[in-house]
Structures are given as structure tokens and as C-alpha cells.
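In the two complexes below, subunit A is the common chain; its partner is subunit B in one and subunit C in the other.
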Partner chain A sequence: MMRYMMSLLAALMLWALPAIAQNSGPLRIEITEGVIEPMPYAVPDFVGESATATEMGRNLSRVIASDLSGTGLFREIPAQAHISRITSFESPVQYADWRAVKAQALITGAVSVDGSGRLVVKFRIYDVFAGQELGNGLQFVGTQDGWRRIAHKVADQVYARITGEGGYFDSRVVYVAESGPKDQRAKRLAIMDYDGANVQYLTDSSSLVLAPRFSPSGDRVLYTSYETGFPRIYVLDVASVGRRVLPTMDGTMSFAPRFAPDGRTVVYSLTQGGNTDLYRMDIGSGASTRLTNAPSIETAPSYSPDGRQIVFESDRSGTPQLYIMAAGGGEARRISFGQGRYGTPVWSPRGDLIAFTKQSKGRFHIGVMRTDGSEERLLTASFLDEGPTWAPNGRVIMFTRETQGAQGQARLYSVDISGRNLKQVQTNGGASDPSWGPLQN
Partner chain B sequence: MTEAMKTNGAKMTYLSKTLILCAGLALAACTNPDRFENQNTVDLGGSGAGLAGSAQDPTSPAYFQQTIGDRVLFAVDQSSLSDAAQATLNGQANWLGSNPDYTAVIEGHADEQGTREYNLALGARRANAVQEYLVSRGVAPNRLKVVSYGKERPIEICSEESCYTQNRRAVTVLAAGLSS
Partner chain C sequence: MPAGPRLTGRAARGATGVNTGQIISGVGHLALIGWALIGGVFQSAPPPFEVVQATAISEEEFAAIMDRQSAPDAVADVDTPEPPAPGEAAPSLSSEADTPPEAAQPDASAIPPPDPAPDVSQITPPAPAEVEDAPPVMEVPQEDTAVMVPEVSPRPQPRPAPRVAPEAVARPEPDVRVDDVASPEVTPDEGAESAEEPSEATAPEEAATEIVTEAEEPAQAAPSASVRPRSRPARPAATAEAEPEETPQPETTTEPETPATDQSAVNDALAAALGQAQQSSQAPSGPPLTGGEKDALRVAVQRCWNVGSLSSEALRTTVVVGVQMAESGRPEIGSIRMLSASGGGDAAAKQAFEAARRAIIRCGNDGFDLPVEKYDHWRDIEMTFNPENMRIK
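For the complex of A and B:
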């Protein structure tokens, strides 16, 4: 299945259809921190050119709507309110009918299956009030099994053209699937689409596994497993599901691994004699270099997108706080100074913000701050929120929320960096430790 | 999805072959979406349960676990050993001295109030504190290993201090047979 997904990635194609209008018009959502009114849009069922394609056309439009409305930036005008019916992709759009239902954006599409059994999906985006097309029509070709990816790609195009930001719908998340009671919890690695679809399990639950992290290109996953009875770091190839343990000294524990942006270097925590410090390893040679040397706990590292700095968690001041040092180690500067304990810092893909877990007055929060520690904003509050991970466009954060008490369970949630649009990510049972992968090609 | 692919006919032919290959793989994967479905075993990380021997037999692991006490507890965020903990560990050290065929793995644990990776490191501090104390009381270092489970293996599951206090622990789990 993994190999199939990787191949699909290469198999998707697009090219421009003849443009109706070149001007991009005024249709625009500015993503700001203020409260925004979601933009009303319509996405009628894509027109099918056969019985199978008709059903597919409906499925595609539903996934596109789920992606767009799921952002909280768009609001769908439901089909029963539509006046016009789109029965042909090429017929002129009746703008007045769409204005009457107050749809500002209209997405139309057509689906067919070509001679090789491939799905061919064409779509156009219209600025209803300007009465013109927004950008060029596009066409995607892929396997029928990969139809959800095509829908996500259409939605990514709509999102990008209207917000001016990169999309994030055609992406995947690796996480820990959990089952069983709290004192006997079974954990295994799983991978899914960002919206919870297409779940695949990467390990069994015979060994405890923790905190997976995607490689920058999404081809590999680093994680910690107790396979040997002691926590050690493994690297897993997503396509083949083959894995190998990274070499670390006997009598030590290693955990909290993260890739550097080069995809070849790993920063991680190593515990020896009860003391935990940060090290970096060249995956190819297995050679490790020590980065910190302190009697305190140093863990939860994360590289800056340019690979030059590492933000990490340390209790050298007496409580866990956030620090930044050069990627080669050396002097670190503290960036968290608010009340409480700070952990699991993760550098945003844009480089401008650091997401973190904060523990204060018996509550947990997910928050963001600038890389100098200024402008701290808490986005969530609950009994236990932890482990933020960034969407590829740096606009949304996914994290683990665990409920209180003997029946407590972990689930995945997402929230905008504005603090809006908090919602649960659909998973089959318990889930924790998400790592959001890159936008797929 | 590159610019080149928009117009490159040769590329398309190549991609068609790829599609046929991956369609077959997808079908195979769908017949067994969960390749691990028959394996539901859980690694409890050696809770020390179900030990052989009678608690009345002072040479039995059951005696070690129940009469001497196989665990010590810690204050919030701390890894220092209380007087009560030291008394328990004195008993453990004496027992290990009289039963030289046993080795032990010391498991460090934390309560759920903390992030996962920090708690792993905190559990390691606790396990290490126990190891160092036992060594100071004459147990050979090569008979002791340490591991941390952080907050992954609670024994009490409520979200209150009465449970947390039992979960902030280091447990000395016996294994038969000296490695040397």
C-alpha cells in the first residue's frame, strides 16, 4: 500500500486548460488574526461522464467541501439551496443564479475514466461576484483508488488561489494508534491522510512505540521503540515498511529523535547514568556527536527550517524551559520566561514561530511564540494537551489531547495558529503523538 | 507535479506503466489492510507480577517483591530518595547480597502530569538514583540495568494525587541468572 501511494505521487499530472479569463479578480481571503466571516462557496457534484464517474463526481465534491469547510475559512452553500445545476463542465456559468444564493466562489468539475482506467478530473474556480474565472482550469490524472488525493489537490488549489497561502490537504500524518485500558495500553505506529482517511499500521503492538517523526520528504519515519526492552531509535522506510535500529551505546537509552532538514542528520536524546543530553547522528555512518553536556535533562529537540539552530527543552533552570542553540551545540539562550513549565518545542516550517506545550496551574496548553520568546499566545487549554506538529503551510497545528481519569483516552486535535477552529481529527480509536508530513507532490 | 510534466509526452507513457504496477499493489494491500491483526500481545515492561515462589520463603522473588518491597516512591518532579525509600533499598541490597544468582532491571516511572519525553528522562533519573544507591550498598553494578517508561506504564489510573503518588516510582524487577 505504501509503495502504491508513493507511485501515485509520481502518477498525478496536471496541465492548464484553456483559460476563460486571465484576471484573478478580487476574490480573496486574508488570513489574519482577527475574527473572520467564512467565505461562502458552492461545489456542486462534479459532472460524471459515465455511471461510475457520476458517483465519483459526488465523492470528489464532498471531500473538497470537507477540506475547505474544515479550515473554518470557507462555508459551503448546500446543494439544496442551489438554483443552477451544473450539467456540463463546458457550459457558461449562470453567475446570477450563484449570486442569488450568495456563493462568492464556485468550483465546478468533471470526471471521466480514460482508456487505461485512470481517473481524469478537470475543475475550474469562479469568482461569482466578479463574473469571471479565478486562475486557469486544471486537470489531474491518477488511479481510481487515489481519488481522495485528487480531491485534496483540487482543494489545495482552491485554498491557495483564494488565500494566497500554500495548501495542506494532500498531506499525511504519522502517529501512535492506541488501544486498551490506561494501565495496559497497546501502541503501534500508524499513518493516515491528514483528515484521518486511509489508515495503515506500520508496526504491531508487541512493543511500546513513541513519538514518530516524518523525514522532510515524508519517505521515512524516526521513532522510539522498546523492542529490545530498552528505548532505542528506529528509522522506518514508509514505502517498504522496513526498519532498522540506529546504533547507540549499550547501557544507554535513546529517544526523542528528529530529522534535520537535510534528511541525513538526526538529533536525539541519550540517557547515560541517569543524565539526558542531546546528540546528533549522521544516519548513514551512525557516528554520533554530543551537543549538550549538562547534569540537567535536555530533550525534545527541533531544528529550524534552515538547519542552523535547534530549539529544545531543558530543566537546567530548575523547571523545564525552552532554549535555542546552534545546530553544532554550544551556548544556549533561554526563550521561555512565562509562568509555568514549557516542553516539546517545534519550529514552524516558515521559521517564524515555535509551537510548544505549556503546563501551568494544573492545566496544559498548546501555544506559539516568536523565536525570541516574544508574543506568546496560548491556543488551547485542557487537562492534558501536548506534542504540537505543524501543517506544511505553518497555519494549523495538530496535537494530542488526553482526557482525565481512569477512562482517559488520547485523541488528535487540530487548531489554527489564531486559536480558532479547534476540532478533533477522526481516528479509529485512541491516537497520540502526531507528526504532520509534507505536502505530497 | 512539475512544470515539465504538463507537456512531456514521453513522461506520460512512463507514468502509465507506473499506474498499472501500483494498481496491482493497491489491490494486494486491500485484502489485508491490517497485517498485524492477529497479534494483540502487550509488552507490560515487566511489572513484576506473577512471580514464582512463596512470600514466606525469604529466598523467593515473591518475598523480595512483597515482604521487602520492590518499589520506592518519589515526590513530584524529584528523584531524591526519601528515608522510607532508603530503608526499602537497604532491604533490597541485603537480599541481592544473599541471593547472588539474581540480576535486576530497575524501571523508572513518572505520573501523567508532564510531557512524554521529559517524563522518560525523569523516570531515568529515578531509576538511576536507585541503581546508584544499591551499588553504594554493595550490589555489583553489572547485576543492575536501568530503564525508564516515563508515564507510559501507570499502575494506578485515576487522575488524582492518590494515583500519581503510586505512579512516581522505581521498581526493582528481578531476573534469574547472572549474566557474567
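For the complex of A and C:
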């Protein structure tokens, strides 16, 4: 009996060996839960080397703060709470003062005007608690009129260095500007900065225009116009505002165009004899290729970022649902199976998600799902939400929200793909059908 | 046997008894209905009177009121619009609207060209900060030295602890003999082969004559380090009986009768286990951190681990961060380093590490609540930051 007891004791000791050895190494813990809250940061007014530059420095810091705080990922520590004052761009940073106000990131900058009248903006980003600079400082040189673009570019750099993904502040949105009562609404194409500034109108309001879509490089816009009484697709050059109608067959209606990632091909819907199918057109030659051939309605096509697949909307199952097929056509597979009606799918620039409009139980939603239809998440809910478009970094979605009633008006809203930070985009009057362009060079 | 349904005896009795019961029931119901009708059960109480205030008016006043309420005079002549002239032709509708439109275009020159892209260039890093974060050390003025205050205050003498009783009372006869080592009573077993020496049971004292409260206990009452396991004892060349030499046993304890072969096997196993555990000369001594102490540290760090600003790829990246701790419980900022990363690219790992570093520094700024006596165990910490539960779902 004693022999067995001793053997058992020895076995236990051998079994406990790893635990004993564990005590000799560093203490190991695993953190699996954290917090999700905006990161506090401070962006004091950029130091100006002249009176004009000082004023410009203040404006620059305000636009940068608006960009960063507008994402919902950052929270500005107001200037009234600052202990340290940045009076020189080259002065060392008093980290303790910024730690005292709970700032985790600090952005400092300086503004000057060079001999040729151009604006020179320098900036640095600091990790306050680590007590070191995040990356190297950068300098932007541009025209004084383009100071907002410089501010957006600074904010893009800050966003990228802290979050690890590209920004979207130096980008533009083309949309349909609306005015007038609901039963007599005038619509025209307009283009603006992503934050609603610098609005420019591309067409007049003499005819109905719909669904503008930016080209991948942002230099052209596809849209549908009823100038002839029938819907026709036009391509418009943003710089010259020149435009031309894409060729089409007589007795047909073409609409819902969207560029392929190569910028040379357009996929669109064409209605002929009461049936609507998807077609692909080479813009240069005007040659079209039929992609679907079904008695149902196929519309709202959108390319994947690699250009190999197309997601579209079809009612071949009885209700509008989302399908994916190869870019050259062929068998399509259904990816939406939830209750309700799905429409206007748009592939994310990252390629991992598809945004869509969903109508269910009398309400409209903007949602996202994986490209295989899994992990569907509804981000919004209202009387009428529709027409999502992705920010260049695939993190934010802009869409149209229309309020109920005779006085109802369409407005642009944006929401993070997490469902947080839903907010209205400031526009002059009504706005609908947004299309988010790429980051500008 | 006649065809057709047959009533059982019970059913037949029921058939004859129904007539009498129906008569009694019918009479009763008629009486109840009659009472309800005559007794006024269905008659509701009359509604209360409504009291309306009225005012007496004269005939002239009545006539004036009637004049105001009279209908306006109808107008016989009404202007009616003239019908449209039949000669105007309706606008013709044409479906040939396929010609290129000539819609008014906005003037291209009116639209300002987009702002030119600014030039980008790197700037030289700033000069290293010459100002330290540490607060300045104030020099003590010599002339202001207080002479009234002794340089070293006399150490307060501990007050005598209260006694349980002013005088020690006579102790009762103990059941066991007081000894430093507890040993059971040994009595000879008649069935045993080897006779054992009978001895008295011993035990240490269970009570003290003085009351020492928790606050008065010395801070280092608990041993700061546990006794390190002794190294393997030298194996005797040839022993008939193994007698433990390290722990002195009282005379009354019995000697083990375990065969030498079993004991040596156990010693081998123990030595193998302990020998490997003691390979590192830096092995911390003392008891390790308890699960509660580890949990407290984990909660303190995760309270500052903000992943809200991380990219999707960084949220798929698990990083292992090493940090050296000061005895005050504060992390040595310069020692924080990324040991490994998995699940994302280099850029995502960098962002994930920076978020982890911020968490350690922010919440360790005032020192983590860690037991000082176990400092050897948390001098070096490896923290694994796994954001799996924090991803967008």
C-alpha cells in the first residue's frame, strides 16, 4: 500500500512540473476585454509666422479637429483645458501637461507663406503617454485657397497613423441636390467635399437626374437623366463639366450605371420589351454585352474591388434579393436570405462587405453583410433609408434618409460600419443619391 | 334477439327520472323569470335631473338675436368663367425625343477648378526635449531650518498591550504536554510486530497571554518568502533503514519502516521534478500571485485598453507585450516591447501594440495594485492582448 502511495505522489509531482517551471518565468496574463471609446486628443492652433498665417493656423486646426472628431473615434480636448501652450513648433513637448488633461495624442503644427505666396503647413503627432513622436513630421505646400484640402490631408495622416487604416477626409461626394416642394422637386447634380463644403453644381435643374456614380479615379461621373423623356446614361467630365450620352438601342431604357474598377467599363440595367437585364459596355467603343437573361428584373449592379464579380438585385425568387455572379455573367448565387426586400447593393472598397438597403416590416434599413451573405447587420432604421455608398477606406457609409409627410425632405447621412456615429452631412437644402469618390491625389 | 339499440339499466332509470326533474326545473325557472320581470331587475334607475341655468330676456332682445342669426342674402348674379375657345389646338406630343438634347449647361468656367494637391515632404525631427517631466527638486534653505523641531523624532514606544486579565490565573492541567512540535500519542499496539515506545501527546501552545490586534501586527508578520525546497539529499550508499535527518523528530515519533527501494524511487522522482524547476538561479521565491491578484491586474489594464480607434485589421491582431515593472507597481516605459504578434500585418501589429502600450502606461501611471512581497513574481510581465471579443460583429 505504501508503495502505491509513494508512486502516486511521484506521479503528481511530475504532473505538476510545468506549473513549477511556470513560476520561474515572467508573469503572464491575457487581456481579452477592453473598452471602445473615442481617443482624447489635443490639436492646439497651428503656430503662424505672420498675422495671416496665424489666422490660417487657427482655421486649419479647426478643420482637422472637425475631421477627427467627426469620425466618432476621437474626442478633442478643448483649448480651454490645455495647460501647455504651443508657441513654437520646435519647442519640446511638455508631456506631463498633456497627460494631466488626459490627452492621449497631440498634434502640433506651424503655418507660413513662402516667397511665392504658397502655404506651407508643418505638423507632428505625439503619443503623449509613451512620450514620443508618432512617425516623422510632414510638410504640405499648396495654394492658400486650398487650405481646406491641406487640413484634410493632415487629418488623413493623423487618422492613418493612429488607427492603422487610410483616412477619407480629402475626398469628394457627388450627389443630387434637391429643391422645391415634394410634388415639384427640382434636381441637379452637385459635387462637394466629404464634409459638405465647397459645393459645386454640375448640371442645371431643367431635367430629372438620378444616381450619379464616381469613376474610380474621381475624374468622371456617370448618371441617369430624363432629358429626352426616357432614362439615358450620361458620362460627365468633372473638370470641364462636358458630357456625352452613352450609346444605346432604340426603344430601350438604360439606367443604374456603375463603373468597373478599371474605369473603362460600365455595367448597367437595360429595359427592353418590359424585361430588365444587366449589360456591360466598353466606354471607348460603345460595345455592349449582355450579362443576364432572365424574365425577372435585374438591376443595381456593383463590381467587386478586383473587378471579377458583380453583386446585383433581382426579384427572380419572387421578392428583390441580392445575388453575386462572375463579371462576365453566368450562374448567379443568392446571398440574402433574411425576411424583407433587399436592394442597391454596393461592394466595399476593402472587398469584405456588401452594403445594401433593406425594407422590412414597413421600415427601411442600411445594412452590411459578408460577401457570402453571412453576418448581416442592420446599421440604421427609419421611414426611408436607401442608396448606400462607401467611404474610400471602407469604414463609413453615406446614404439618403427621407423624412415622412408632405414636408418630408431627403438628406444625406453617414454611419460607421459598427453602427455608431450616425450623423447628418451638412448640405444646402435637400440631397440624395450620394456617391463617395476616391481620395484625391 | 330484437335488433336495434338497447338501453342499459342505468340509462333506462335515467330516462324515467328526467321527466320529474324537468318539471321541477321548469317550475323553478318560470318562477325566477317572473320575479325578474315583475321585480324590476332589468329596470335601471332614472337618470338624475340636469340643471340648466336660464336667463329671461325681453321680446326686443330675442328679435335682435334672431336678426343676427338670419341667413345672408343670396346673390343672384355670379360671374362664370368663359369656356376656352374651341379653335385652339392641343399641344402635339411626340415620342421622337431621341435627338441629342440641348439643355442649358452650367458654364464650366464658373466652376472653380479643384484645389491643387499640396506638395508633401518630410520635415526634420525636432530637437530632443531639454525639459524633463520630473518636477524640479526644491533646495532646502539652510537658514530656515527649524530649530524647535528635533531632526529625528523619537520613535514612539509601543503601548503595552491590554491583558486579558490583570493577573495570570492558574492554568488548568493541560491535556497534552506543551512542546514546539505536535506529535500524536503513541500507545503500544499489541498486534504490531515491532514494539513501539509509548509516549505522551505533545502540542504547541494555542493561546497567548496578550491580545495583538490586526492593526498592531507587524507588517512583515507573514514570511516574505517561502522556504525553498531543499536540494536532493545525498543518497546513502547502502542503508537498511532510511531515517530523515533534516527534520529533527521528537523522541516519541516513530521511525518509518518504508523499504529503502520505495523511498529512493520517490526521492528520484522528487529530485527530477524539483531539479528542473530550479534550473534558473533567478527563479522567484515565495508564493506566486493568487488568481485574484492576477485578475485585479488584468482588470486594471483592460480598463485602459481602448480599441475604439483601431482598424479592422488591428482588431484581428493579437500582440504579446513584455514589460518590466518597478517595485512601486509602475511599468518601466522604456521596457515596454512587442514580443510577438499574430493575425495581422506589420502595420496592424504596430497599431495594436501602440494601443496596448497606451493601456499599460495610462493605467500603470499611479502604479498597479500588486503585492510588494511578491515582487519577484511580477518584476517581468508578459501581457497578451487578444481583441477577439472586441471585434465588430
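Remarks
Here is the rule we use: the second predicted complex is superposed on the first by the 406 of 441 C-alpha atoms of A that agree within 3 Å, B and C clash if a C-alpha of one lies under 4 Å from a C-alpha of the other, contacts with A are read in each partner's own complex, and residues count from 1 in each chain.
Everything that follows uses one rule, which is that a residue touches a chain if its C-beta (ideal position, glycine included) is under 8 Å from a C-beta of that chain, and two chains touch if they have at least 3 such contacts.
Keep in mind the model is a prediction, meaning the values are calculated, not measured.
Shared-chain residue A:R185: touches subunit B; no touch with subunit C.
By the touch criterion stated above, A:A130 is placed in contact with subunit C alone, subunit B being left untouched. Of the two partner chains, subunit B is the only one touched by A:A406; subunit C is not.
With both structures placed on the common chain, the touch criterion links A:Q94 to subunit C but leaves subunit B unconnected. In the superposed pair of complexes, A:Y168 makes contact with neither subunit B nor subunit C. When the two structures are aligned on the shared chain, A:S269 is found in touch with subunit B, with no touch to subunit C. Once the two complexes are overlaid on the shared chain, A:Y323 sits clear of subunit B and of subunit C alike. By the touch criterion stated above, A:W390 is placed in contact with neither subunit B nor subunit C.
After overlaying the two complexes on the shared chain, residue contacts for A:R149 are found with subunit C alone; subunit B is out of touch. Once the two structures are superposed, subunit B and subunit C can be ranked by residues of subunit A touched, with C on top. The interface of subunit A with subunit B overlaps its interface with subunit C at residues 3, 7, 10-11, 13-14, 16, 142-143, 145, 153, 200-201, 203-204, 206-207, 229-230, 441.
Interface residues of subunit B, counted against subunit A in their complex, comprise 1, 5-7, 12, 15-16, 18-23, 25-26, 29-30, 33-36, 39-45, 79, 105, 112-118, 120-122, 124-125, 127-129, 131-132, 145-149, 152-159.
Within the complex formed with subunit B, the residues of subunit A that make contact are 1, 3-4, 7-8, 10-16, 116-118, 142-143, 145, 153, 180-186, 188, 200-201, 203-208, 210-211, 226, 229-231, 251, 253, 255-256, 269, 271, 273-276, 297, 299-300, 313, 315, 320, 341, 343-344, 357, 359, 383-384, 386-387, 402, 404-406, 408, 433, 441. Only residues 2-3, 6-7, 9-11, 13-14, 16-17, 20-21, 23-39, 73-74, 89-90, 92-96, 99, 104, 119, 121-122, 124, 127, 129-131, 133-134, 136-143, 145-146, 148-150, 153, 162-165, 172, 200-204, 206-207, 227-230, 238-243, 245, 250, 350, 352, 375, 377, 395, 417-418, 440-441 of subunit A touch subunit C when the two sit together in their complex. Considering their complex, residues 95, 97-101, 103-106, 108, 111-131, 133, 258-259, 262-263, 265-266, 269-270, 272-274, 276-277, 279-280, 282-284, 288-289, 294, 297-298, 301-314, 322, 333, 347-348, 350-352, 354, 356-359, 361-362, 365, 377-390, 392-393 of subunit C touch subunit A.
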